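All chains are identified by letter, namely A, B, C, D and E, in their written order; residue positions are counted from 1 within each chain.
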Amino acid sequence: MNDEASGQAVDTGAATHAFDAFLRDDALLKVRDLSVRYRRGGKIFVAVDGVSFDVAPGETLGLVGESGSGKTTIGRALLKLLPKADTRVDGHVEYDGLNVADLSASDLRAIRSKLQMIFQDPISSFNPRRKVQDIVGEGLEIQGIRKAERLERVDRALNDVGMSRTMVEGRRPHQFSGGQCQRIAIARALAVGPELIVCDEPVASLDVSVQAHVINLLQDIRQKRNLALIFISHDLAVVRNVSDRVAVLYMGRIVEIGTGDAIYQRPAHPYTRMLLEAVPVPDASRKILPSVAPTQASSRSAPPSGCRFRLRCPRAQAICGVQEPKLASMPYGQFAACHFPHDEPAPGMKTVEQA
Amino acid sequence: MRIAKLSYLKAVGVRLLAGIPVFLLVTFSATALSSLMPGSAAQLILGENATQAQIDALNSRYGYDLPVWERYLGWLGRLLQGDLGQTMFSQQSVAKLLVDRAAVTFEIALLAMFVSLVIGVPLAMYTASRPGGIVDTVLRAVSSVMLSIPTFVIVVLLGFVFAIVLRWLPATGWVSFSDDPIGNLYYVALPVMCLSVHQAAYFYRVSRSEFVAILQEDYVLVARAKGLPTRYILMRHVLRPASPQVLTVMGLSMTYLLGGSFIVESYFAVPGIGWTVLNAVSSHDLPVMQAILSLTVVIFVVIFILVDLGYALIDPRVDVS
Amino acid sequence: MTEAANTTPVLDCHELSCHFRSPFGPIRVLHDVSFSIPPRTTLGIVGESGAGKSMLVKTIMGIAPEGMKTSGRILADGTDLSTLNETKRRAFLGRKFGMVFQNPMTSLNPFVRVGRQIEEASRFHLRLGKAQAKALAIELLASVGIPDAAECYGHYPHQFSGGMKQRIMIATALACQPDLLIADEATTALDVTVQKEILDLLQVIQQQRQMSMILVTHNLGIVAGRTDDILVLYGGHVVEYGPTNTVFSHPRHRYTEALLSAMPRMDQPAHTKLHTIPGRPPDLANPAPGCPFAPRCPAAEARCHASMPPMTTSADGKHRFACYVPVQTGDAADTAVERRALS
Amino acid sequence: QTEKPVSGGTMTIINGSDIKSWDPAITAGTYPGGPMDVLDAVYGFIVYVNDKGVVTGGMAESLASTDAVTWTLKLRKDMKFTDGTPYDAEAVKYNWDRAADPATLSPAQPFISSWNKAITVVDPQTLTIKLSSPNANFAAQVAELCPFIASPPALKAAKEKTDIKPVGAGAFTLTEWNQGISMTMARNPGYWDQPRPYLDTIKFAIIPETNSRIATVVQGGATMMAGYPYQFGSNATAPGVATREIPIRGINRAYLNQAKGIFTDVRAREAFYSAIDRARLMQAFTQMPGYKAPSNYFGENSPYFDSASSLPAYDPKKAQELFDALKADGKPFSIKIVTYTNSDLKRLAAYIQQVLTGYEGASAEIVEVDQASLIQRCKTQLDFDICVEGGVLVSNGAEPNISNLLSSGGAFNWGQYKSAEMDAALKEASSTLDPAAVKAAYVKVQKLVATEMPLYIFGEQTRSLLLRDNTGGVVPSNGGILQKQFLYVCTDVCQK
Amino acid sequence: MSRLQPTQTDLVPGQAVALAETLNAAMPKTARFRMPSGHPMEWFAFAFLAVLIISSVFVEFIPGLVRASFPYGDFSQGPEWSLNGLFGTDALGRSILSRVLYGARTTLAIVSVATLISLVIGMTLGMLAGFYRGPVERVVDLYANSMASLPPILVILALISVIGNSVFTMMLALGLLDIGTYARIAKGGVIAQNDRDYVLAARAMGASDMRLLLREILPNLVPALTAIVPPLMAGLIITEGSLSFLGYGIPAPAPSWGGMIASSTDLLSRFPLLIFGPIVAIVLTVYSLNTVGDCLARRMNHRGREL
């Protein structure tokens, strides 16, 4: 089932400059050096720091990281949804050759039908006062599409998510379950015919049984419509399932980026490893041996010098405090920002091949 | 410690500065309105047989024919030199008058607040821990009725009962605390009672709902899971978290108490700022009017600063700056 | 299960049922839940949201929301709780059981110094003096891995990160040397790395202090490898109850099986189609007469819709499940037990 | 008075509002509780009109004339203001000259300026004034309009009106003024009429609300208040209090605008008189039964009373006819009642409105203004048909009130009534000292009042004092102002 | 990973949906799952207001009730057992009951128009301030703070003494009073919603600011604003009464409650019963408005997700 992803393997050979290596020219979305700073009570807080990545058409990029690592901020920055007050966005976001920052209001509106977003909490992403069919058709209405066509497209979008208009007719969001709401949210995004959807933790608030539905649904639609997805999640198992490529964020920076296989089987960055080891695996045959040493998270507002992970890193050495590691190509195809990357396979990771 | 103190000072400073536009707007509006008001102090000084020409002459002698902004700037300039002017008619220093009268109003207001707190909060605590009980139901009904009686009705009714029919309490007048503490209590009783009726009910309602909300908090559940006695939970885990809300209400109620003091003071002839400003409005005593308005704004700003600082004291999460 | 001299179960629940009154009739959130926890063992309680996990542990702790009616018997360390009056029961439970709640952000009182919150239970139940209690609190703080415990004693909760708060909560729950520690989704609100730390900590502490523990969670991954027994709740019913290893390797109830296969796994390649469970969780207000899972169950038969399947015990007697058409394992035959006769 | 006055003690007099200025030239309101009441305590009336209507010596020994043209003011010897300057003829002349100066803005300026040039200081105790035309009421007018003499240096020292310090030679000296609230005065040890004043301290307290005022006296919080019996109700008989009538009759009146509007037509005035039962109007006003409609300007026990001419009586039929007639002439009877915001007056106006609406083709609109704007609205802007001013106006002493009310351009003639006949009759009355001639003139006046109805006289009342029953020495003067030097505290209940 | 909404059926109609709502409401940890108590009083409040509004609007058509200005009996009579004499007669012999009902019309009209004025202006300003922040917000805050720093009576008194006291000016002046309060609440609501996902979602769809404000934000402000309308109206009724009490109320011919109380206050010691009718009216009305406000506020909280 991982057929599409293989076509998009990163072309490492041509890269001369490490920085450019995982970036490509034919990408649908190009993000270069994106930084977001919030001003909080007079202090500047860097939420996202020099992040660059690409998303090719039809590709799914997974963004993982701890809470507060800037995942949501990146997602919103791409769609220009960050609050205007007290926020500064630098860098360069290019969609289909257009620089998003320079767009006029009407061009931006046009582009918004190509770039869509799905939120974490499906219910709160709906206006509780509006009827579901209006919510789904809202994007079309804003685009000024005539009613007949609108209804038809709403029908189509609802069909795609396995619902029908008769099911939603005259109802309000709170009359639906979480899973249904998330499907409606997907339908809303689909209705305008997007090419790329930013999914900000779309399954985090769902129960396992419902989560599976939504993940499958997203996969089906992605395949059918050749959608590109940016899939934000802190659940590594989910990201593993949906993504072609994965970017690992730590304190506003990408510490490792590469194909899912590379990242999960041969994580190079110690942080990635730490993350993977922490994931609870539903496998009772493996008795877990507790480790007791508490790790101390570094301050987000005053990050340590050099590598930001060094205080928690088992491999940290003097240089980590002095020189900030840059993203560099790793033997298994991914890029990691570490002076002392791992190159052995992740312990305890059973891959399909190995099983 | 020093740094903490400094940050408090700074926080106070910042808030005081923020109060300045409000102060300017209110006092300027007062000047503007007073110049539009029909009638004038000159009319009152000269008496009913004065001609319009005589009145105009006196008005211009006092500078009341100047354009609004000139008058306002003049007033502001004198204010900056610490001169609040003198009362129109008795030539008392407005500043002194203000201090004397405000002391009276404050005594009444603070006592009323104290009485209301002492009545309202403990009852709220009691009923919040036994919701739906008979005391709760009764107090709920009583407090909502009490909240619905306008102050002026309370004043009339209590005045009628206690001063006119029963003659237990003085119908009018004032003795200051420094002159005669016991007499002061006797005179202060009725005004305080009138203001407390509403306030006690208000404090009761607000703190009850706050207590009820806090009793649903997870940390109260945790405390119950620890098997702690209810009394202890209420005192230690509920009272303090509820106090910011109570504090807010105390701040807000100052405005109510000041507004209430207009009615209470003028009905019971208590020499506070409420009655004074009513007199000043009807007799066009502009210096007094301006001074009292400025005072109310300053009180408002100060109260909000105090409330903010109070939050910082009560709630460890709040940072003064 | 662990061998021990004292084998009186720390907690023993018999046919615990709970319901709320509502304008549309009673809402039953728990149906005849029975289980027991021997000393020094860990029980995992799993189930989807709304399955009644929290209600179960809250009922045990005697802190269920007002308006809930409970029936059934709870024995704590051999004492029947119904013989104690309200105050005594709460005090007894407060001493015997410690509880850690889901959200560390809201379960510590932001207005009270953490030291105080840790020591207060010990001061009441163990009648410790001020200094003693403080020493104990500092010791507890240190034991849950808080650096500079003595200094942190006087801090307020907001000065700690989420993980640290949860450690403090654990310290709070340990104050009276409880026999049983109940962690209700204690790690749900935390990041994966922190979650792991907390789970590890719980495990270490449980072993050090020879306590029993209940881990409540909706994430099957958490109980795997960390618990001795596992209890699967669905719609307020116990659908499966047995040793963790067995339940994971050979789930018998259809729901448990479906749940396990619905989880995305890291050892599968990208874009693997997940198995889904059709339908939606049961509506507690309008319960169907049969098995609560029947409407979603691929193997449901007519009788599944008609009546609640009885608790069935597997051949070894340790694994129980309530299903008419259990997943077959090829092991020895199961025995249906009379529900009333259970334990 | 059988009781012997004793010295010492304190009294508190309740007023409804505070005074606005200590300027002796600016005086208004010769009624108890009015500004002049307070000024009297400090300055003392130079002469006053007693309750029989006779001009009596106050600070001065007498102000008298034999021909109504040349008036002689005799001052007492060795009187001093509290600042030590002598209260002599020069001081009096200074005060009157000052009031005659338009820059002083005295309301009595037109009156005083007509004679102040004719003042001759004969000696420090004597001063003569030679009027240009005979005026029998000159002394009463002085008592009403310019009775207060202040220390000239104190007046000179003040830059502005409100700077004037109260330096007089009266019975008391101001010790504390808490504007709008209370005023405390101490006995003036240098007062000429020793051992008077008897009181050590006199206080004026301001309580605007009538019920509170009454309750305060009843509770003993104050010594006295002036009001009307209807306001006292059962409090008049409460333990410890007494009431005292001030035997000075006053009229309740309203002004009818004769400069413009419907009341320029005398039929409209008659219709208005006929339409309303004035006794019932008074009942509505006071909520007390038992009133009788006054038949004319003078009351029945006035020496000038003439029963021959009386104001139109209540006659609804007649009123309706007149309304119809007016309507037929294109003058529908629809009037604007202007009054100030006082609940008794509101009731009065509402009653008028209510009665008028009962007639076909008659209606009334009520305009309420605050007390300070009433004068402006009625007197200056003439924006009313009927203007009701609260209170009663003393009418038994005839002058100066009668001229003020009825003569063209009179100070109280807000209705702008103009009648040469009336002016002549009034002049005739005041230019002779012969009682018979005066009476004859006033008969003419009453006839004109009855036929021309220059103003609406709807009630007659006397004021009363509600006071503690140990209050002695109540001597009313002018419009009811007490001569405070006589007040004393009885050891027990005062004997009458 | 975080907790779910209680999932409820979308196919079982009627009761289940209602129940779903109830449960939704019960889930947030601060809500109690109890039938809202005090129901009889709420019923009473709604019924009283309904009766009051209807009877004051159609007061002319109440059979047997005399006009407010009609001299019905003797002056200042106590209550008697008849429709017109129920509260007795006032100082001019008019039926107090009739005057209370006609007064209700004036009072309610003034208060409603004033509320409308302040609601419309306040809501608009507040929404703009919350949405655009910056200078608009500062101006609105300045206004709101200035108003809040003065006792309302003082503000009205100053205004009335300038523009005169008529029904119309009273509406205007009272209307200025609560603008700040409404603006503040609207502003808070907008700010709270601005971060909400559904506003973001609409923005992501390309909605213009106007559309966001009117279609997304406004409908969700309405509950919060409606819940404070009744108590603020009650406040205005009290303020209007207080003004009359101080002698600055609406002028005589229009009967208003405050005016009736004020005019009977002077006669209180002689005719205590006069004051009874209007006080009952004002207290019951204020009580009912407050109760209705509480009820709306609670409903709003129960709906959980709305603001």
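As a working rule, a contact is a pair of C-beta atoms (placed from the backbone, for glycine too) under 8 Å apart; a residue touches a chain by one contact, two chains touch by 3 or more.
Keep in mind that this is a model prediction, so the values were computed, not measured.
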- Item | Smallest number of contact steps required from chain A to reach chain E | 1
- Query: Which other chains touch chain A while also touching chain B?
  - Reply: C, E
- Query: If you average the Cα atoms per chain, which one ends up farthest from chain A?
  - Reply: D
- Any idea whether D-E or B-E has more C-beta pairs in contact? B-E
- Task: Quick one: point me to the chain whose Cα centre is farthest from that of chain C.
- Result: D
- Message: Roughly how far is chain B from chain D, centre to centre by C-alpha average, rounded to an integer in Å?
- Response: 41
- Please work out the Cα centroid separation of chain C and chain D, and write it as a whole number of Å. 92
- Query: In whole angstrom, what separates the CA-based centres of chain C and chain E?
  - Reply: 49
- Note on the structure: Here the gap between chain A and chain C, centre to centre from mean Cα coordinates and rounded to Å, is 33
- Message: If I count partner chains per residue in chain E, which residues reach a count of at least 2?
- Response: 1-4, 7-9, 29, 32, 34, 161, 265, 268-269
- Multi-chain contacts in chain A: which residues touch at least two other chains? 177, 179, 207, 210, 234-235
- Message: Give me the residue numbers in chain D that touch at least two other chains, ranges are fine.
- Response: 211, 215, 370
- Counting only contacts in the complex, chain E reaches chain D at residues 69, 71, 75-76, 91-92, 94, 161, 165, 247-248, 251-253, 262-263, 265-271
- Task: Going by the contact rule at the top, pick out the chain E residues touching chain B in the complex.
- Result: 29-32, 34, 37-38, 41, 142-143, 145-146, 148-154, 157-159, 161-162, 234, 237-238, 241-242, 245-246, 261, 265, 268-269, 272, 275, 279, 282-284, 286-287, 290-291
- Please give the residue numbers of chain C that touch chain A in the complex, ascending. 48-49, 145, 147, 161, 163, 167, 191-193, 195-197, 199-201, 203-204, 218-222, 224-226, 244-245, 247-249, 258-260, 262-277, 280-281
- Item | Touching residues on chain A, where the partner in the complex is chain E | 76, 79, 81, 83, 85, 105, 108-110, 112-113, 115-117, 119-121, 123-130, 138-139, 142-143, 167, 171, 174-181, 185, 188, 192, 204-207, 210, 234-235
- Which residues of chain B touch chain C in the complex? 217-229, 232, 236-237, 240-241, 314-317
